[in-house]
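Here's the structure we're looking at; comments come further down.
A, B, C, D, E, F and G label the chains in the order they appear, each numbered from 1.
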Amino acid sequence: MNGFVLTLVYSMLALAMLMAAIRLGKGPSLPDRVVALELISSMVVGIIGVHALDTGVLSFLDVAIVVALVAFLAAIGFARFIERGGPRE
Amino acid sequence: MIDLIIGAFLISGAAFMLLAALGILRLPDLPTRMHSSTKAGALGAMLIMGGVVLGFAQWLALARGVAIVLFIMMTTPIAAHAIGRAGYLIGVPLWDGTIKDELRENYDSRTHSLRSDAADDDEPRV
Amino acid sequence: MIPFFWNVILALLWVALTGSFSGGNLLAGFFFGYLALAVLQRHVPVLYGYSQRAPRFLAFAVFFLKELIVANVRVAYDVITPVWYMKPGVIAMRLEAETDIEITLVANLISLTPGTLSLDVSDDRKVLYIHAMFMADEQELRDSLQELERRILRVLR
Amino acid sequence: METLMAYIVGALFAAALYMMLRRSIVKLVIGLMLISNAANLLIFTVAGMREGAPPLIPEGAQVPASAVADPLPQALILTAIVIAFGVLAFSVVLIHRAYEVVGTDDLDRMKDTDT
Amino acid sequence: MLPAVLSGFILALFAPLICRVAGDRCGWVFALLPATLFVWFAGLLPDVMANGAQVVRYPWFPAMDVNLDFLVDGLSLMFALLISGIGTFILIYAGGYLKGHAFLGRFYVCMLSFMASMLGVVLSDNLVTFFVFWELTSITSYLLIGFEHEDVKARASALQGLFVTVAGGLALMAGLIMLATVAGSYSLSGVLASEADLIGHEWAVPMLLCILAGAFTKSAQVPFHFWLPNAMAAPTPVSAFLHSATMVKAGVYLLARLNPALGEAQLWTLLLSLFGGLTMFTGAFLAITHTGAKKVLAYSTIMALGTLVMLIGIGTHYALVAFATFLIAHSLYKGALFMIAGILDHETGTKDVAEMGGLARLMPVTAIAAAVAALSLAGLPPLLGFVGKELMFEAVLEAPAWQRLLPVLAVGAGIGVMVAAGIIAIKPFFGERRETPKHPHEAPLSMLAGPVVLAGLSLLFGVALFIPEQTLVGPVVASLGGVAQKVHLSLWHGVNLPLMLSLGCLLVAVVILRFWSSLQPQLAIVRDGLGRFGPEAGYFRIMEWLTRIATWQTRVLQNGTMGNYMITLALTTVGITGFTLFTQYGLPLRLPVPDSGFAAGIALLMVMSAFFATSTISRLGAVAAMSVVGFAVALIFILFSAPDLGITQILVETLTVILLVLVLFRLPGFTRMSSPLERGRDIIVAVLFGSLMTVLILAATEVQFFDPISAEHVARSVSDGHGRNIVNVILVDFRALDTLGEIFVLALAATGVYSMIRFKAEEQSA
Amino acid sequence: MKEANTLILRTAALFLVPMQLLFSVFLLLRGHDEPGGGFIAGLVASGAVVLFLFSYGVSATRELLRVDPRDFLGVGLLIGLASIVPSLVLGQPAMTAQWWAIPLPGGDYYKFSTPLIFDVGVYLTVIGSILTMVVGLSESEESDA
Amino acid sequence: MSLAVAPILVPLFFGALSLALWRYRIAQRVLGLAGTLVLLLVSVRLLQVVHAEGMVVLHMGGWAAPLGITLAVDMLGAIMVALTGITGLAIALFSMGDTPERHEHFGYYPLMHLLLAGVVGSFVTGDIFNLYVWFEVMLIASFALLTLGGERAQMEGAIKYVTLNLFSSAIFLSAVGILYGLLGTLNMADIALKIDQVENTALINVVAVMFMVAFGIKASAFPLFFWLPASYHTPLVGVSALFAGLLTKVGVYALFRMFTIVFDHDIAYTHEILVWVAGFTMLSGVLGAAAQYEFRRILSFHIVSQIGYMILGLALFTPLAIIGGVFYIMHHIIVKTTLFLISGVTYRLTGTHELKALGGYYRSRPMLSILFLIPAFSLAGMPPLSGFFAKFIVIRAGIEAQAWGVTAVALLVGLLTLYSMTKIWAEVFWKAAPDTESGAVTEGSAAANTAGLGWMYTAIAGLAACTLFIGLNGEPIYALAETAAQQLLNPDRYIEAVLEARP
């Protein structure tokens, strides 16, 4: 794969992650942070995919599968917490 | 040629990721941020996966790519729904520019019951 | 019939994941799929018969992918442009979908489409509350949502 | 990368310790999470980091085609992650119970068992 | 020999049973043992006189140089005879004195153990065994002094005695080990026969001081004398046995025993003479300031102990003869007098001599025995005490050290002791009859037997001096390093300086005794005034300071503040590790130059999120930030070739969030509790710790001494492990034991969590 | 307190949970050759049950599991220990791996082994542990409310 | 020959089985007794074999060292395992009479088995990372036992216990990581072998010191002991006793193991630090006890103090000193356990641990009094009990090594220990029982209180008999300690046994 393309993609993803992390830090509400976290987990899927392609190691895609399949549970957990009347931070 | 297509997939995927990030950074309230993040994020991941599958050009990669896309399509809206609902119901403030809200009046935060349409009800409004 | 369908799906998924298309592996996938379903069977509601839905499904997939990209571009445009064009709001949508699976699929696919987000279903399951980003023309929005629902139901029923 | 990671891990350790020094027991949770992550990364770093060569052997081969990352530290870290998870789960519930029983989240007001 | 020493312990085991069976006569039963032993020891005398010292060996812990070896010579036999002989009567006496006491059985347990221990002390040849018995006497006497244990004073006195003697005992242990190390032998006979230069060795001074500390505390030498009178809280038979006839003599015995080896040391002579002399005088003075019979006797014991120590210190032939004679005399009369004091308080119901008078008519036998014993105490002819005292004066006058001081002290002590004798023997029995709480009459036979026999022996030995001379004094002097053949005891040496001194003492004593009652209050004032600065006050101050320091230390160290604990731990880690690194290796500082920009970005994101988690006031925000940290860590793992770790990290992170969310629900939010100053302090500590870890990693990544062993794992994973995922093959095969432990950790965590959640809940619902 | 879950989550869970469970078995069985293994698989399976728990509540989850999570724990540990037994019976050093080829229909062989048994033990223990904790916490949450 | 792993597998198996049978209380109790009994038998057998053969080495899974995990049981390890067996059985017996039904229901016995497994695992493993794993097994079992019951004091104590111990674990883990980075191996014998080939040992010293800190925390050495006095007096008495007997000793054992076999390259540096640590540990612990007026708190602080003696034995690093250290460990495990168990009896009868509220036991329970006196005086180093000989050897070693200062401290600490023991004796046993108004329950007021006392007495009497046995017949014990010390001071034999003996 073209080195430039990969560098570009990596950079874009890194920048995207940074921005999502900023939203996570800023909040202001907990759901805002969780949304940012959800986005980051999607990005992780993407990053792992790109890295798999970059290194040519197919097995890395399995990691992405796990992220895609399980990471949303954190959001479900947070949602449940919020609905149960957790403090509205 | 194939590299070009792969590159396009990857870059467009990354671009959607970036857009999603920009969106949740810029957009003014929770629901609108979710519009940006869940969809663009999911689409970005799918596009990248498309590129990856093409890049590997193996059946195994395709199988995994399909699984990933499938899982993302299944889990992302569920999470979005859960968070959006929870955020909305506990009253995370909406953007000033929100023009309509047909849910609020039908929701009783004490019993957590949600009616189909308050206007149909005989009960007097409080 | 329905459990059997799921069983086959799971077995195929298994084969896809293991990447080994041998008969033994299919059997193993069938077996583990059976186990997974056996665990869950009491909770799976009765499903309608399943036949001849593959073509409709394909048609729907194409339609949905188009919607997904178009809507995403629309949201993206609003995000990267400095001024907000959006007119967000929450609307109640009368549901034609009746079963749990129908409602869920409708809600999720609506959520997956940029610009609309399913918030909740009323307790009597008649209304889906949706947060929409572009409500400048509410009727058009309602129409497109109903079109989506109609297409989904056509695949399912 | 190891050099950068040295600073990163140091920072994580510092953050972890800072949280463990807080009086609020709730913050202890964060400290415990950070310190185990820091220790795992320390092992990962010190054992040497190699990009793009997971310790997997291709099907049909007896040994990897080229040099792979050291698998042993990975196994150690995996064990350590699991252990840390167990310990953390326990600690979180302990903190929760301590808060319920003692009625405060202030560690400085949990002195009865000393002195 | 071994049965002789251990029989007491064995009998002690059955004492409660025997008491139950024999009832009131149990004292007589128990006395059979010491009586038998006495006869047996006496039977050994001729052999020892003829053939000198003998050593009997029984291996115990030979590897540790600890053996049950026994040294039988004149000195040990004399002590053994005193212990068993006096012990016989004490055991009989106790049966009468404590008749009907609920804990008589326990009393005999302690008493018999004590007696056996004492025999062990004086017979042991092995230094460690000696010490074992030595400490056993401390323990058993502790239990005996505290016999009336529900009385605060008894408990305090018991503790005091134990504390002082054990403190000395520990010094003694060090001293004995040094002695054995220098002499190259752990046996007394070996030490005594050692060719090594014990006195000139560089350890000589600490060794001597340690041994003396042990002996002086045990034998109640100034300034450690105060515990002995307090020990009179014990029942009288105990006092009679322990603190007059035996236990306190253990120190004296040790000094006498080591005299041949160490007596030549100048320090030995100086210290023993000085402290002995001072103790002698102090004891005598304090004796006459008291009115309680037992107190007076106790102080007179201190006087006697001082005398004995002083005599060893002087170490001349006369001194050694005086030592042996005085020792025998003292044991006899002191045993008798204590028992008489016990009879008095038993019969009258009071311990205060000043409240008694004219008892001679009611209890003539007691009175006569008292008179005889007291005469011996006073050192008047024709009793053995007289001989001892004359010899003592003789020795003092030719002392090699403190020539001016010792005679003065000796004369003072002589006066005091005569007064004391008067107080004991004259005051209660003669003069005006006084009313006492109980109506007194003659004590039962069991209680009278002891005083009468012992007093009688005092008289007999005084009159027939050849008996002690040949059977006891001679062999003892031989053991002490003197010449037995030169020993010649007689009542009359002609009119010499010692005799004149004795006469002078007697005159002064009579005068003091005449005015004793009126002088007593003033004496008490002087005594108490001095007491305020005395060593006992020092003891209490030490105990107080101990508590104070302990409390202070606990307040400083174990103050309950978690933050302080963590800071201490962290700073200790930083200090000791950092010091080692900097002093031995140097400071391995390198600037971070990432070779992968993307990985560096992820790493930075990780740190940013971590810092955010530490600084935010939103705890759920912190949890979310920790998730990002987790994702970043997972990405680092993945980028650097660890897919399994990546998966695990992400899964664990997700489940952690779920757990946290389930729990945090019921916890309060983050609050700032500490002051900015405290936060500053914590930041400094945290940064120090983080820096340490950074430099450690930098140092560790600079060097790699050996290639990792995992090359073999890689090579054998498929061929021998049948797996292509090397990490998994390590986990379930190469190092499966780790994984086995790991799943138990998880199971344990779950069990712990479950019990924490449900325990109280089910308790409430139950 | 009323279950705050919705129809959407519940229905989706019905689709997702079997997939996750299946995937977990997949991860378990091929862990020896590719990323995965008992621990990872156990975590995925636990995640699946947690999703079910969050959607349907504690009592439904208990019904689903049929046995108490604590039973998984003990059984998982015992299976893990059982994997040691063959080596002991054969007089080899404890934990020496045993490999057996099980013929499958279609001419294939499945390599069955004590490490696999061990991994199954790990798998069950992980599930048991996490579920014991999560179910316990949810229960106490419900009883509090 | 898999004997070396048997003492791990036995408690693991019984622990797993009783976890699986969590519903059945009787099964829990039967397994509790049976498991510890089997463990004792197995451990005694192991001791026999080690005694006969010198060392038992087992390469787990048949993977020769340093590839896999090798269990290497030398005399020290075998002794420690045997002591664990003894303590375990005693605790199980005691628990039969003392552990409330609710605690049994919530996993008391499985936790006990698994704690023992962690302890034994630490003693037999010859792999540094595996040691970490067993440490954690032990630690988390102890966490769970510490909090079992959920009382306020338990929670407060546990927070400190958990946090400080986790810090220790993090240091330990980091040290293992760095060591692997430097030497590329985890097998202790291999590590020792490779250290001997390293010329510049500066970094090895750094790692050694890290281990010292990590194990120092576990061993509750000065100034790292805070977690112990904060928590040991809070759980069930049986648990306290189990902890008191075994847990800190695992830290001490690890110090002995690492600073003899492995880190013997720079004695002048590492062991000099240990001398200072030993001195301050002895002193600060005993002073801490002097300020306490609660039965178990006094005992807890004394653990700290006694740890100092053991470390002193290691620090002096002469054959005699090591013997003394090992002897001290043996003595202390038994004696400390006994004392804690006795506090359980008085607690059972009176319902309090406060000295003020206790009293009168010498009058009412002479047997108990004697059972207390034996270990109490033994702890204080009074002859002819085990503690005397332990102390004697250490002091003798100190004097022969001319370590005057620390020896003087050791002697002084002995005196202060006696002070504490007599304090308990005077208050709990001699003093008349205080009035009921003082808050305590008088004996006999609740008839059920005495249920199960027989079990408790059995355990205590058995341990007291061990103390007496060591005191009166110390020769074989000394011989064991001597063998252990010889092996520790000759790492070459250890290395050879582990690396050469292939299965």
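Note that contacts are C-beta pairs under 8 Å (C-beta built on N, C-alpha and C of every residue); 3 or more make two chains touch, one makes a residue touch a chain.
This is a predicted model, so every value here is computed, not measured.
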Central subunit by CA centre of mass proxy: G
Inter-centroid spacing, subunit E versus subunit D (mean Cα positions, whole Å): 49
Distance between chain centroids, defined by C-alpha means - subunit A, subunit C (Å): 22
Subunit D-subunit G separation of Cα centroids, rounded to whole Å: 28
Per-residue overlap in subunit E, given as positions that touch at least 2 other chains: 554, 558, 560, 562, 566, 570, 619, 639, 643-644, 647-648, 651-652, 654-655, 658-659, 662-666, 669, 693, 697, 700-701, 704, 708-710, 713, 724-725, 731, 733-740, 742-754, 756-758, 760
Set of subunit F residues in contact with two or more other chains: 4, 6, 8-9, 12, 16, 19, 23, 33-36, 39-40, 43-44, 47, 50, 70, 73, 77, 80-81, 95, 97, 129, 133, 137, 141
For subunit C, residues that touch 2 or more chains besides their own: 13, 17, 107-108, 118, 120-121
Chain-chain contacts as defined at top: A-B, A-D, A-E, A-F, B-C, B-F, C-F, D-E, D-F, D-G, E-F, E-G, F-G
Residues of subunit B touching subunit A in the complex: 3, 6-7, 10-11, 13-15, 17-18, 20-22, 24-25, 30, 33-34, 37-38, 41-42, 44-45, 48-49, 51-52, 55-56, 58, 60-61, 64-65, 67-68, 71-72, 75-76, 78-80, 82-87, 89-92, 112
Contact footprint of subunit F on subunit E as seen in their complex: 643-644, 647-648, 651-652, 654-655, 658-659, 662-663, 665-666, 721-725, 728-729, 731-733, 736-737, 739-740, 742-744, 746-747, 749-751, 753-754, 757-758, 761
Residues of subunit A touching subunit D in the complex: 51, 54-57, 59-60
Partner subunit B, residues of subunit F touching it in the complex: 2, 4, 6, 8-9, 12, 15-16, 19
Of all residues in subunit A, those that touch subunit B in their complex: 1-2, 5-6, 8-9, 12-13, 15-20, 22-23, 29-32, 34-36, 38-39, 42-43, 45-46, 49-50, 52-53, 56, 58, 61-62, 64-65, 68-69, 71-72, 75-76, 78-80, 82-83, 85, 88
